[in-house]
Amino acid sequence: MKPVIAAKSFEQLLKALHQLSSKYLVVAPTTEDGVEHYRPITQMSEEQKSQVERLSLRNQPPLGSVKPFLFPDSEIYIEFTKKDGKLDVQTPRASVPQIILGAKPCDVVSLELIDKVFLEDPVDGLYQEKRDNTVLIVNQCDEMGANCRCDDFGVQRSTGSADLLMSKDESSGKILLKAQSEKGNILAEELLKEGMEENPVFREPKVPVKEALESEKIQQAMDDFFESPFWEELAMRCIGCATCTFYCPTCHCYDIRDFQRKEQGARYRTWDSCMFPDYTRMAGGHNPRPTRKDRVQNRFYHKLSYFVKNEGALGCVGCGRCGEKCPVGISMDTVLNRIGGEVNDK
Amino acid sequence: MMQDTFEPKIIAFCCNWCSYAGADLAGTGRLKYPENIRIIRVPCSSRVDSALVLRAFQNGADGVMIAGCHPGDCHYDTGNYHTRKRMMLLKSLMEFMGLDEERLLVKWISGNEADRFKDTVESFTSKLKKMGASGKVRDLRCAK
Amino acid sequence: MCKITEELQQIAAELLKEGKVDLVLGYTKGEQEEQSVPCIVTQPEDASKLIFDEYSEKALSKYLLEESFQDKKVAIVLKGCDQRAFKLMQDESRLGREDVYLIGVECPGMKWGEDLSPFCLHCDYRTPAKEDVDSLLTGADIPEAMQGEPLDHEDSFTDINRLEKMSKEERFEFWKRQLNRCKRCYTCRNACPVCTCRVCVFDRENPDYIDRAKDQMAQHQFYHVIRAFHVSDRCVSCGECARVCPEGIPLHLLNQKLLRELDKFYGEYQAGIDEVPTPLSHANADEPDFFGKEGKA
Amino acid sequence: MKIGVFICWCGSNIKNMVDVERVAEATGKMPHVVYTQDVQYLCSEVGQSDIGNAIDEHQLDRVVIGACSPRMHETTFQQLMNRKGLNPYYVEIANIREHCSWVHTDKAKATVKAIDLVKKAVAKSYYAVPLHAESLPVNKRALVIGGGIAGIQAALDIADAGYPVDLLEKESSIGGKMAQFDKTFPTLDCSACILTPKMVEAATHENITLHTYSELEDVSGYVGNFHVTIRKRATSVDEERCTGCGECVTKCPAKVDNEFDQGHSKRKAIYTLFAQAVPNKPVLDRKNCIYFKTGKCGVCKKICPTDAINYEMEDQLIENDYGAIIVATGFELNEPTHLGEYHYGHHPDVITSLELERMLNASGPTQGKMYRPSNGKEPKRIVFIQCAGSRDRHDGNSYCSKVCCLYTAKHTILLNEKFPDTESYVFYIDVRTAGKNYEEFYERARQMGANYLRGHVSKVEPLGDSDNRLLVRGYDGSLGEQTEIEADLVVLATSIEPQQGAKKLAGMLGISSDRNGFYSEAHAKLKPVETQTQGVYLAGVCQGPKDIPEAVSQASGTAAKAIVLFNRGQVKGVPTTAMVDEELCSGCMQCKPVCPYEAISQEMITERAHGKARQRPVASINRALCQGCGACAGLCRSGAMDIGGFTGRQLLAEVDTL
């Protein structure tokens, strides 16, 4: 039996988390200039704090996923300076413990997908360090948002690697947390010290579970669909920006670069996008994916086919961010609806 | 307290025909000015684009100076007309973004205005000393 | 179905049937509510997919530069701003007029959420000139706010005025917060119909004008200043940069600031309407000198 | 890549303020630097051979010099590179003298700066690209602008060398200011007697084409290949038909002030500038012509025996190509009305030196008789005021007009000879007589009785007597007291100034003017007749006040320059021109209107893309026209346009090093 604890209100929960902010970096969803993102609560304005409850408990993920807190858009490997002919190399900053409040099931699953890549041998140290240091407080959605397709991807009630589950008891207004990992237990203990109380029951979400798409079927349908003229049509519409990839919670490609000025510099990694023409360009100038079609196709095949083959799961969690922000309205559905016939035939 | 010890770094782009020559003449005349300035020779002030200016700031320059011939005296006829148009826009955009546009100095200095060159360097240096180090456009990896 | 959509489908079907064009580039209903997306029709029977409404925002003209559109006869649907962009591309030799069939449409003004796009409210070139297009479709359902004269040009800079009233530190904080969200996804660049370089300076490796790090404000500043600069005198005020930014950064303010400065000191110029050269491509002695007040020493 | 770094001591000039060993040591640690050396004098033969030996020994392919300004010795080092078989643009110079050792006083700081500057040069040299100048043919025809004595001399010299010359003159006759003079100092030669033969020689020379009554309309091109448009104003007189008989001039009823005589006589609306005018054919001054004002008259047309009068004649635009242009546009005299204390313009007996010159001239308005304009009587006492508007920081020009001292001495001598009973008084600040036989000439003037008073004139005012004479109040420095002189005539030595259109012409020619408006020579000492624009040379007073022999010798100097150019037959273009990266260029042509030399044009290239051959436009540089300013590169959005020697890559490397 996992312990369940309760705060009288969301406000109390926030207050309690605030108390822990010397120990943890506490991040939660809020809006900044109308755009929804996770932000450290210590850096929020009052106005922004007032948004946290709504967005934490909402049945739809914010625009920004939790990914940047585990896999930042830029991250330094080493810093180097040259002094008196000697090279001084430093690996900067150790990761700090962090709490992510109001993460969504789709976020959890997307991290689990990234885990498949980054935590398998060879392990990505930078990611692992942050992953180990992060406590996820996950809100279980009661229903789906307008662009959510989590049901298709079997994500909606996934709570696998969540450390704490969060739910609101509408009748009492209490916020209930259920720890389900060691990190979760520790945080629950700490929150009890900050005035939260034990609670006998946890409220399970109401959302009905629908049968998910079968990953192998999709993969097969995709593979059968490879030569379709559809891809050329889609590529003609795509404008080649990186919105879909940069807001995707499962995309995890990065580029390694050096920055050097005078006698100092850094080697860092930074998000890359398979939609950029230079993504696959090799040093000699050859590019195995020279056309937009190659790139568009690759993005969908990576998520819906290659990832299945390599990691045994679909590379999409159905969060709907890519489709919502695509300036020309291309979404996962755009592809899934087209291959749908073939999926059903099998 | 910073003002006493802070030595601003100034990168100057000087056109070959007027301002660079003006700086040469300051040398020939043994005029003295602060060591803070580093001059980069360009054929004409219009060769300098915004990218170069911003790059200098990124790298940690506290001031950037673009010096060309007086309007009407451009060795290439019209180069400095382009410079003043482009740099006015750059400065107004910098100002609009809250960046310290006064750290970008555009100055007309002719080949025989050694005094003017010296005065410009002196006053720009002391102005930057008062302003302190530039941080707004600096790439933090160039901080050391 | 509105009159323009009806006529558009008719023209498209005819053009395709008669083999005058290989494809028609227009808009169709998107997957989301209140969304129209670019659409390419190659068969006459698919012409019925085409629509034109107040959500047909995306500037289509830039597609014509893409590799997939080369060596094809294309009919394209153009609003006023998009036609300006097309004209500029033509003036800048990026494309020829011959192989393109232009279907000009009267623009009812585009919706930004509930409201009309501020760009449209101030637009005085909603509809392409008849002589600039091959067909002109009018009869749009013009909302009340768009009827009559467009709002005064100076009013269109309201947001600029608001920012200019701030102190410099406030302005810095404002942009710092905005640009901090930038991920350099290049959506603004890719959507902009006047960003038409074969190779963008930001994509160049040698020299590497921009560093790829996304955690350095200086690199974001660099990108946005240079982007605004490259667009400045060539901006057609379509508002795409601001619309497509996933982070809601008001990028158009930077363009408009430069446009206003150019207008103020060098006379009004409207890219894609007035003849080239654009203001930054020429300069002369009579223009104001901002840097020589103290005169020669 | 193997780079050698050489740091010059410049004797003690650099070494005293910069620790040259430290500079060499610090830069020696930079990547690709394989050799460093500090040398006492890099520009000396020893220094040059040190560099040469190091190049051989270490197989250097880049040389970085820390020394004086590249404007000083860049060519020296480039020539050395050439001799060593290396491209001259593989040498990079850090200016550690003019920009460092000479302007700083703290040796530690200056050394740090010098290290920075040399590092910057090394970084730039990493990205150096070899550059070559293009040779261009020279159009062996010269244009001389201005038909005064300087212009005539230059034209004659070039023509005598066998090259065709066009001589452009805005008035209806060549001759210029010298034609107005009576005698010349210090020999007292009759000005006309020595000038007229030259004028005739120019007019009749087989290699000289005169364009009188003409002005420069437009200039494009560059050294060896200037394209010039000349506007020949309508004279209303058909040159071919006119015999110069002068009937029309005699019969013309319209009389106006004669500018040539400074208004001391009248001329007709149809007129020749002066009696010995070349060409000696009249022009019709339409502004003052009764026919043009009222539509009536037409006397000249009726009377002309060869029917040469053509009222419908229009300005003609003549286009020609030239290899060299000589500017000899001369000067104007300041109208001293703004100097209120001299009463000029308020009292008719206050005149300028040139007015006096015309009076003294036997072919002038008075046939050489002196008179007071107020009453026509002969003046007995004449006061000369020197520096009227010159050497005057407050109300005039700060510079010295140079010729006034001598011509005033000449005037006193002439007056003394012709009218022995006149008295001459000369107020002066200094008498400057640098010039062969000038001091003797001045001595002669004094010995002949001219009274020289060192001091300023504070006021000239009407005496109020029946003769309407003038009272000149001044300060006599030799007596140290105020003095007053009653004068019949006051003569002002007015200031020499650039022509009013000088600025406009400079703009057309792409040359610069100094702060006084005189054209700037390329180098005050060593290039006194060249300008910053190659192929454009300066002769005469347009470059600064000077006397006739100086103007003439300068003119011959310009002729020599033009002849050298023509003899060589070709010019080397600028190696540091713009270059287009066709891979990057969109062919948008935004750069085209930016170029002041019209060096950019659009060109179609064929490229294979995705299996198809396709045409697309790119910008293309005419390297002959390009001067390498880089205004195009500063604008090009994609950076497709670059400048040799100052590439985007190089400038970024420099910025990144600092």
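Note that the chains are named A, B, C and D in the order they appear, and that numbering of residues resets to 1 at the start of each chain.
Assume a contact is a pair of C-beta atoms (placed from the backbone, for glycine too) under 8 Å apart; a residue touches a chain by one contact, two chains touch by 3 or more.
The shown structure was predicted, so the numbers you read here are calculated from the model rather than taken from an experiment.
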item: Chain pair with more C-beta contacts, A-B versus B-D; value: B-D
item: Separation of mean Cα positions, chain D and chain B [Å, integer]; value: 31
item: Inter-centroid spacing, chain B versus chain A (mean Cα positions, whole Å); value: 46
item: Approximate Å spacing (C-alpha centroids) for the pair chain B, chain C; value: 35
item: Between chain D and chain A, distance of the C-alpha-averaged centres to the nearest whole Å; value: 72
item: Of all residues in chain B, the ones touching two or more other chains; value: 51, 55, 59, 72, 78, 82, 86, 139, 141
item: For chain D, residues contacting two or more additional chains; value: 507, 594, 635, 648, 652, 656
item: Touching two or more other chains - residue numbers and ranges from chain C; value: 67, 201, 209, 211, 213, 216, 280, 283, 285, 296
item: Overall pattern in which the protein chains touch one another (line/ring/star/complete/other); value: complete
item: Chain B partner contacts - residues on chain C that touch it in the complex; value: 160, 163-164, 168-176, 201, 209, 211, 213, 216, 218-219, 221-222, 224-226, 228-229, 232, 253-254, 257-258, 261-262, 265-266, 279-280, 283-285, 287, 289-292, 296-297
item: Chain A residues touching chain D - in the complex, by the definition given at the top; value: 85, 261-262
item: Chain A-facing residues of chain C, complex; value: 30-33, 35, 37-40, 58, 62-63, 66-69, 177-178, 181, 183-187, 189-191, 203, 205, 211-216, 240, 243-244, 246-249
item: Chain B - residues contacting chain D, complex; value: 9, 11, 16-17, 20-21, 23-28, 30-33, 35, 38-44, 46-49, 51-52, 55-56, 59, 61, 69, 72-73, 75-79, 82-83, 86, 118
item: Contact set on chain D toward chain B in their complex; value: 69-72, 95, 97-100, 102-106, 109-110, 112-113, 116-117, 120, 503, 507, 510, 512-513, 532, 576, 594, 596-597, 627-631, 633-635, 643, 645-646, 648, 651-652, 654-656, 658
